[in-house]
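In the two complexes below, subunit A is the common chain; its partner is subunit B in one and subunit C in the other.
== the complex of A and B ==
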């Protein structure tokens, strides 16, 4: 059954808080479980709220392909305001807000409600899907959607600490958002653990659906584009292409593409580059990205006179990333915190051997033979990089196969199918037993309290448990929101709202998609 | 009040779409009330004129100008009572109240917007003015300058509304048809189809 989904997203991923993050280091690898999950999920309909634009675009297009209707609600920004359409009939509402300073909008706890209600009614939305956690926009939309009696899903893309003041505040906000949400989606198991702890959620109400990459956009140089896609899929059994032989004296190029921020591990990078170059002759670095740490990096290069060995490219656009990546042999990712790390999947897809820190969700992302892990400290990164260079020099790593392997592991179609199952579960198209699991004789009922009722009293009960003061404050917000809703129903009656036409589309190719 | 659409086709190559949010007076009671409203407006206008003349009697309406003998009027019973009444109020306040009443008398109370399409010639949009005193604001766009006629959506206040717009060559902004009434989507689609058929479809 196709659904109408509204996605809400903030366009500007705030990085100010991210700079203060704690280092998240989780060692267990969940990769095998992730792969099993892939084929268990199916999909329904949603509204996305929040900020990871390409994630939303890819997911939305695939959901539209599966016969759902997706609209995206986001902030207006300079040059982009009003209602727009993208390819595939994806409709985007850039909601104008009163802008205080630059792109910062006033915290619009309730002022967003009238326009949100109007959009939801005119588009016949059933599910509201919010993205990202730092945006108050997303939390508001979920609150309003619940008040209007819609099912809500929340996707968390980030990891947070628990200790500092900013985190405590953010966690309260997250708790507010997630208290009444029907289901949450995290991009990795580490992220799920983090979210469950931060928002005191029932773990069964949180699903893990990783990000994906468009593998076609990240082909290695040697990859022949003329190969038919079905051939590419069955390539592991094909006669192997002749791998590139790296001799003991051939140059090895290490690529780093990241924003140069503290939480991206730029300090580690700055400390380890001279040591890596000193201990491994014939090694070069290509560093792309910009940020506040760029000056430190340049100073280090000048101090050690490494300009001829390290190439700084500055910031590159997303479509140029592949062209930078294919110039290298190793991708170094020294991040201190990462919920998923899409970039290392892109690097592996380009046929690069990946050296990364064992933090956050990174260990879940790629199989062992594609990566060398390091602790997030200088000595270990130098060691791991040297190991990786040695492994490449000895031609033990079949990087030429990485692309096809990554293509088998990650696809947006798959992400969409799994998201669809979450939608089906919360809408009630599949039974709670099937959705949450059936555990007879365990003394508890899997479907127990998970189907969230829309009754105001039940909602207030859930919010009241959020904290001594916060609980009361949240309850007040919910009651005000409800009163505003009643007022809006009188002032702007539903009957007066024009129903928008859906984008005309071909019959959904769902059967053929499921068969694949 | 939602707008209503009226289509007129005086000739096969001409069509006029009128959207009006004036109340529909179909019952006899509504018609009687409408007649009473007109009478009331006329009466109020008369009152304001009389009060105005009384107020200005020392300046303009003094002597016998051969047509009306003003001293005779002012000294009559009705005239003197009127003078007392008007003089007992601040002249400025009287002037302001008069202006307000005049505005109410001539206020239209509804908006009527129309789109006239003539094949091979162009289209004309018009929006009725707020009062009966001024004429409608019109805009003519020749066929050669019309790039397209589209229906789109935009944020207006707390709502997202559909609008019909004419994209004019060489102008940065599109010309919105029915900018004040902003009728429902069904009406806009009817107008859009009708105007495109009239402009571009040679067979109709």
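== the complex of A and C ==
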């Protein structure tokens, strides 16, 4: 049974990852094809750690491999408009949008509906999958898709608190988006707890599907040789390369790749570097990334005269991250909040021992033997780093095995398969009993709110509960949206919209996968 | 089943009765409002207790699924079963909150044992008690009363009922008394902490730098006290004469450091206490300066006692402020003369309200105490209010008196009040009572004049204040039940950094 998968893409500048991602996926169940829509896709702008764009790209292409059809809808950029195709037939619509500031669009709510409806009908979309929580694009698309009777999925990549005013607004917006969504996907269990609380969702309607890394792009130095075909043949029989022995006086290099922002823990980094260097001779730092805290970092280096021990690389392109990482032995990640922390997986994949703070979803990401955890305190980070250096010096850590282990843990193929199950569940290919858990004798009620009905009254009920004032406002939006939809159906009848031809499809890789 | 934590109306008709039925009394207390986001619902609601028993049931269903792989080819459980061999073993195990392990549970599995187990509600909320709250509100009452007294004095001056000179004389006498008291407290405290430091440092007074270094190392607490105190001393100087004393101090200490062994002192200092090397930048800079000054004082104590030096500085500052105000009065008098009186009244009203709302009512302890001392917005608003008011007065003497009085009321009096509150609670209460009575009397006199009106005003004002204090405290306590702070691992961590580099 082929599936349609959608991937989503955020348009993400060098700012917070969490802010602008949307993925829309659409499947056409009657055609048994999967279609995906991605929003805000901008591959050329992949910045350092641009996790969400690559997330959508990787997920989309793996879903296409599994026989789904995926399209991505995103904003038009300067020099990037119209319809484009990427590798594997991934089709990207760059929708013209009124851009206010730095590719942030004005939340017009309805203006995007006509073109969205046209694309959805043209591509036979079944599922709309939105990414990111702050983009108004994503919320609008989910609203319109529900009005049109499509199933929707939302992926949340970010964590938000509940205390400050910005969070309260964001959470209201999220609640609006998620009130009527069919399923939500979070990147870690902590992220799931957060999303469930923020949007008052049923926990069973939220799946946890982690990010993944393309392990081939993050090989340790020693692995580059095994790529050669002759060695690849012999490697299964050869014993794995003996681990690099680090003597007590060999230099240890600590790598930090992070945007230099407050919430990335740059203050902790600045405070601990001199102490780490003082207590551990023969240690060096390589710091890549830029941001408002860069000036503090440089001042600290000058004040302590550490320029020869700390190398600042400035911001690094995503494809160069691996080359920086393999120069080090330890990856230090002092972040203060993190939903998943793809970068520590990448670091471990490069064979680095990881020292990270125990915040957000980070403790779930890597096994104990690859990491040393620290509290987000200066003293503890210094202690943990010193411990990690000691562990490496005593050669207790088999960092040479990390790459293969990480490869087993995270792969986009796995992510695509799990995402596919979500699509099956909401489309109805998997029965709700199975999808949401089957508990014989517990009085399972399949007509519950988990299978979201498309009836306008039911949708209004869900939106009405969002808040005293917000609920009424949201209901108004839904009603207007519905009227616009009726109007569009009359003035631009479906029959007049051409159906786009699909990209010629490779034989689905799915069958062979299942048979493995 | 409806979502347990979903407050949507569509779910509440079915969900609410169940929830009420299953609530434990304790749970009820924590959840006063069923419409609110109530994370504990994830634990207690019946919908999830079903899930709690799920693992065993789930095993069965999974087994049935596994026996029938072909028809459920898409299910993640079946799919994953094939992907990894160790899973069969793991499947027996409990669900783990980990992402790197491939588990046999579906992705949307919600483990009731661990789900939201790091969530904390109202973790740092300490319920208010009535009387402590009333006691704390005296700080606000004091400030509001001083503003009221100031306004009444102004009205008296404008209406020619009170002589401005008498007001400023009384004000200055009060300020002098307050300063003497304050001076006493500060130096007593200083001596105590000095003694303590000497004790911990092994009484090595031969070299000031050594004693300073041992201060830095001896105990963080001592340093903190010392800092606060020195800053307090310095703060007074600042508030009285702007930058002048700071520069003087800096200059003096610089001179002194030159004659002394500058390098040795500074190296020692920087090795033991990484404050910025530039003594004239920002607030830390002034700390640095005062520290140098401090060491200087202990060193040169024989020539002129540090206490007298400090007094001399203060007197100098006071004199300076007095003279500059005197010189500025003619300018201030005509500064806003061209503005209509209506605008002046409205503006000064808003400025005084701003003063009341932005005033730093804190106790001066804890983080940020030194930086916000006193909140400059508040002081500036008050000074500006008195400046615009001064232009309505007829003569230079009037203007000078009002400005000086406002400096005393808004600049110096808060420092004294803060110190008094720390030193003597009785004094604080007595001061509050006095202020309330005086303010009430002043309002009475202003409104209708005469001693009778003053007494009636005092009585009414006191009663009203008591009621407002009690009522507001009670109101605040009754609002506490709406408090719902939710924190968990998703909140950005607060980094704990021992040393500050900026």
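The rule is short, and it goes like this: the second predicted complex is superposed on the first by the 439 of 516 C-alpha atoms of A that agree within 3 Å, B and C clash if a C-alpha of one lies under 4 Å from a C-alpha of the other, contacts with A are read in each partner's own complex, and residues count from 1 in each chain.
Everything that follows uses one rule, which is that a contact is a pair of C-beta atoms (placed from the backbone, for glycine too) under 8 Å apart; a residue touches a chain by one contact, two chains touch by 3 or more.
The shown structure was predicted, so the numbers you read here are calculated from the model rather than taken from an experiment.
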Subunit A as common anchor, with subunit B and subunit C clashing or fitting: fit
Which superposed partner A:500 touches (first subunit B, second subunit C, both, neither): first
Partner chain in contact with A:119 - subunit B first, subunit C second, else both or neither: first
Subunit B versus subunit C as contact partner of A:82, first or second or both or neither: first
Contacts of A:200 with subunit B and subunit C, given as first, second, both or neither: second
Comparison of subunit B and subunit C by subunit A residues contacted: C
Touching partner for A:95 - first (subunit B), second (subunit C), both, neither: first
Superposed arrangement (fit on chain A Cα atoms) - minimum subunit B/subunit C Cα distance in Å: 35
Subunit A positions touched by subunit B in one structure and by subunit C in the second: none
Parts of subunit C lying in touch with subunit A, wherever the complex brings them together: 1-12, 37, 39, 42, 48, 50-51, 53-54, 57-58, 60-61, 65, 72-76, 79, 82-84, 97-100, 102, 106-110, 115-116, 118-119, 485-499, 501-502
Residues of subunit A touching subunit B in the complex: 81-83, 93, 95-96, 114-115, 118-119, 122, 492, 496-501
Touch list for subunit A against partner subunit C, complex: 1, 3, 159-163, 179, 183, 185, 188-191, 193-194, 196-197, 200-210, 263, 265, 267-268, 270-271, 296, 299-300, 303, 336-337, 339-340, 357, 359-361, 364-367, 375-379, 408-410, 414, 417-418, 420-422, 424, 429-430, 434-440, 442, 444-445, 448-450, 458, 461-462, 464-466, 514, 516
Interface residues, subunit B side, partner subunit A - complex: 2, 152-155, 158-162, 184-185
